[in-house]
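Naming follows writing order (A, B and C), and every chain is counted from residue 1.
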Amino acid sequence: MSDLKITGLHKYYGAFHAVKGIDLEVPSGEFTVLVGPSGCGKSTLLRTIAGLEEASDGVIEIGNKDVTWARPRDRDIAMVFQNYALYPYMNVFENIAFGLRARKIAPAEINSRVKRAADMLGIGALLQRLPRELSGGQRQRVAIGRAIVRDARLFLFDEPLSNLDAQLRDDMRVEIKRLHQELKRTMIYVTHDQIEAMTLADRIVLLRDGRIEQLGAPLDLFERPAGLFVAGFLGSPKMNFLPATLAGSSAVLSDGTKLVLPRKHGGKNGQAIILGIRPQHIALSGKKPMLGHAQLKVTTELVQPTGSRVHVTFPLGGKTVVADFEFHAVSKPGEKISIDIDMTRAIIFDPQSETVI
Amino acid sequence: MAATTALHAHPDRNFRYWLLTPAIFLLLLVGLFPLFYSLVVSFMRIDMMDTDTSFAGLYNYAHLFSDKRLWAALAHTLLITVIALPVELLLGLAMAYVFLEKMPGRQIFISLLVLPTIISPVVAGATWRLLFDNRFGPINQVLGWFAGHPVTALWTINPKLVYPAIIFCEIWQWTPFMFLILLAALSNVDKSQTEAAEIDGAGFFRTFWRIVLPAIWPVMAIAILIRGLDLVRIFDIIWALTAGGPGTMTETISVYAYSQGFKQFETSYTAAIAFLVIIILTVVVTWAVRRMGLAK
Amino acid sequence: MRNIPLHRRKEVRLGFRYVLACLLVLVFVFPVYWLFIISFKTPDEIFAFPPVWYPKSIQFSNYFVLFKDGDAQTVLNSLILATTSTFFAMILGTIAAYSLVRFKTGGENLAVWIISQRMMPPVAIVFPVFLLYVFFGWVDTFFGLILLYTAFNLPYVIWMMRGYIEDIPLELEESALVDGCSRWEVLWKVVMPMARSGLFATAVFTFVFAWNEFLFALVLTRTEVTTYTVQVTHYFGGQSNFWAKIAAMSVLGTIPVFFAVATMQRYLVRGISMGAVKG
């Protein structure tokens, strides 16, 4: 059974075509993340699902009911907003109870549901406070509490963590994940942050320019991107893209470096390609390479320690390549090092169609 | 695609119009309807004697040009405006500078200074009527101290003094308005800019002209516009102070239109005057808005 | 001045500003003082030469006369007219402003047309309005004047409330819509409470405008709903023997305005500058 089904959805703002024909089905209980660069239409899509924007064309069904033209309040949804959207003149209790009161639920029932939601989020002690007396993280908890107390069929999150600082964002991410496991509700979550997308999602919907670029489980998208855009969008540091030419079962870089491609591919001999290598698949090595691995000598340019790992850049094939090494593997820029590239996980793209070959 | 949109209208599609309907209805009733009525009537000949509703062409409009009393009234209005407006502006600005920096009790001073602006113009006129009294008013009394002999000036009757009387009252009532707005505007000027100019050796007037004035101009322009419009339609103060007298000496355009309508019952002619006023105001306001750079 | 130390120069300047401030207050407040003082004087004191600068005792007899003659009724009339018309103007104006802001109804043109209604000289419409009112029998009725004052203050209310509503985050309304409110409920439960200080400030100004209005009241009232401003001018009889009544009536009409404005000091500038300066 699916909680949300979108068919042929379009959204125009005057002449601007923001959503260009989206088909999407979200099974019950799934955590779906809509992710993409700014302006890709992910927020518009979410707001259209919520009924805050009118669909220009297409059908939206929530719980097998056509709600394309229904008011937001008749869609059985709850939503968490980016700037919390707390009513400043109401205390925490009233804020959480607002939606229940609007739906004329009995006071005793409201009381117990607000208490339960507040305890679940660890804000039970703050019920009498006003929003301005809360920290950013507490406000976001109240905003989430206001949504979960509603017990709706569909929960929508519109970049809820983007206003929090890095530490708090990590904590809240864990919290949201935990809530989903506890409530087992269908959640749709919009973010531009690929780490949030990777960590939270059961399934990622990657949007680009008003269309779905690829959708699937986070690791599927990471390991088997459909094209250059998805490969480049997911993963940090970004995947390295090296222009090359196919020569038999090898890729020849512009500086003549030859890298053997152990996996099967559909490319023709002499075809121009783009070779994609994740920084994590490059290791420091002095040993003999394993099967399917390539070994090269390079000179380091930049060394950026991140704490647990170190990002090292070096020139290769006319490009600057980033490698993600274990910490204290390399200490100095300008050092000659020997690297090991896991070519079994390299991906080759067609530069014209930007798809995987 | 068009078919789906037409079949399903959004349930709240007309909400926005419901919200506006009562307000627009009232504005049309007391704004547009009278204008339309005036326009129709101004092409007829309706007065106290006669109700001739046939089309009279531009008869009333032609009459406007030969009506000396009308042009005198326009001149009176202009005279009051061109004297009172700059004085209010400059005095208000100077006062704003006195109170710009913090000083103990500043808020109390400001609150007291605002009093004249918030009272009814009729009450202001009445108050000055009492102040200007030739025998028992304090103004002549104080003037007497300086002159060394009793002064018995007839402020609201003497043709030489009646304009100063009106303008004094007008300035007294509305300078605080300018003061308050300009004080707020000056307080919002970025202090680092004026300080930088002072460090660069710019004097007060140079700093004001180059930095402060451009910064406060948008607000100042709106204040001038609001006051200018009020001055052009000045009625209450005149009515309370002189009622247009002595004779028709201080009759402004509003006072004249009132007397044509409600004393002479020149229905059609009053309508023509109203249109003349609206046309003049529209032209002046449009020009002023462009000139002052207020158009968005 | 150059050889005087900096802190001394600051003190001198502060002293100078104080002197100026006191002079200004003297000039601008004296007329109001005079008005108040006359209303508490005995006839002998009012018509004394030289003038009596402060009365020996506070007399309320001038006010008793107003109440005894029933003239004080005009203050009550003003109160009824101003409060009722303010109430309606606030409700109709605020929902109209909300439509302009949230749905961009009519675009910028409609907003400009509405504010241009405020620029309209009253004298240009008062005569046709008078004829309309004669036709409908609305002259000298509360209904007629309330209708007129409501309509006349609408542009101001719409213009001001537009500014205050623009300051409300859209998310709050959207959240309420999702949570189960209808459009109307969003308006009453979210927009109105969020704009309440703006509502209050605008209401006070609207009240003051209606309270101080003169021309329409002069034309459209006779005996039943005479306002205090019209009543004040009734005492201008040529001679000055109604001084006490003029003063007492003016004071009665001024005190409510003092209180009204004193309650909203913070919004004063935004209110009188028609939103050009945001406090």
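Rule of thumb we're sticking to: contacts are C-beta pairs under 8 Å (C-beta built on N, C-alpha and C of every residue); 3 or more make two chains touch, one makes a residue touch a chain.
No experiment lies behind these values; they were computed from the predicted model shown.
**Student:** Please identify which chain has its centre, taken as the mean of its CA atoms, farthest from the centre of subunit C.
**Tutor:** That would be chain A.
**Student:** For the interfaces B-C and A-B, which has the higher count of C-beta pairs in contact?
**Tutor:** Counting C-beta pairs in contact for B-C and A-B gives the edge to B-C.
**Student:** Quick one: subunit A and subunit C, Cα centre-to-centre, how many Å?
**Tutor:** Each chain reduced to its C-alpha mean, subunit A and subunit C end up 56 Å apart.
**Student:** With chain centres taken as the means of their Cα atoms, state the distance from subunit B to subunit C in Å.
**Tutor:** Comparing mean C-alpha positions, subunit C is 16 Å from subunit B.
**Student:** Just curious, how far off is subunit B from subunit A if you go by their C-alpha centres, in Å?
**Tutor:** Computed from C-alpha means, the inter-chain centre distance equals 60 Å.
**Student:** Which residue numbers or ranges of subunit A touch two or more of the other chains?
**Tutor:** 71
**Student:** At least two other chains touched by the same residue of subunit B: list those residues.
**Tutor:** In subunit B, 12 touch at least two other chains.
**Student:** Identify all positions of subunit C at which a residue touches two or more other chains, and write them in rising order.
**Tutor:** none
**Student:** Inside the complex, what are the residues of subunit B that reach subunit C?
**Tutor:** 12, 15-17, 19-20, 22-24, 26-27, 29-31, 33-35, 37-38, 41, 95, 98-99, 101, 103, 107, 109, 111-124, 126-131, 133, 135-138, 141, 172, 175-177, 180-181, 183-185, 188, 218-219, 222-223, 226, 229, 232-233, 235-236, 239-240, 243, 253-254, 257-258, 261-262, 267, 270-271, 274-275, 277-278, 281, 285, 296
**Student:** Using the touch rule from the top, collect the residues of subunit B that touch subunit A in their complex.
**Tutor:** Residues 1, 4-5, 8-12.
**Student:** Going by the contact rule set out above, which residues of subunit C touch subunit A in the complex?
**Tutor:** Result: residues 169, 171-172, 174-182, 185, 189-190, 193-194, 196 of subunit C touch subunit A.
**Student:** For subunit A, which residues are in contact with subunit B within the complex?
**Tutor:** That would be residues 10, 54, 56-57, 68-71 of subunit A.
**Student:** Please give the residue numbers of subunit C that touch subunit B in the complex, ascending.
**Tutor:** Interface residues on the subunit C side: 14, 17-18, 20-21, 24-25, 27-32, 34-35, 38, 46-51, 53, 92-93, 95-96, 98-100, 102-103, 105-106, 108, 114, 117, 119-132, 147-148, 150-152, 154-155, 158, 183, 208, 211-212, 214-215, 218-219, 229, 232-233, 236, 240, 243, 246-247, 250, 253-254, 257-258, 261-262, 265, 268-269, 272-274, 276-277, 279.
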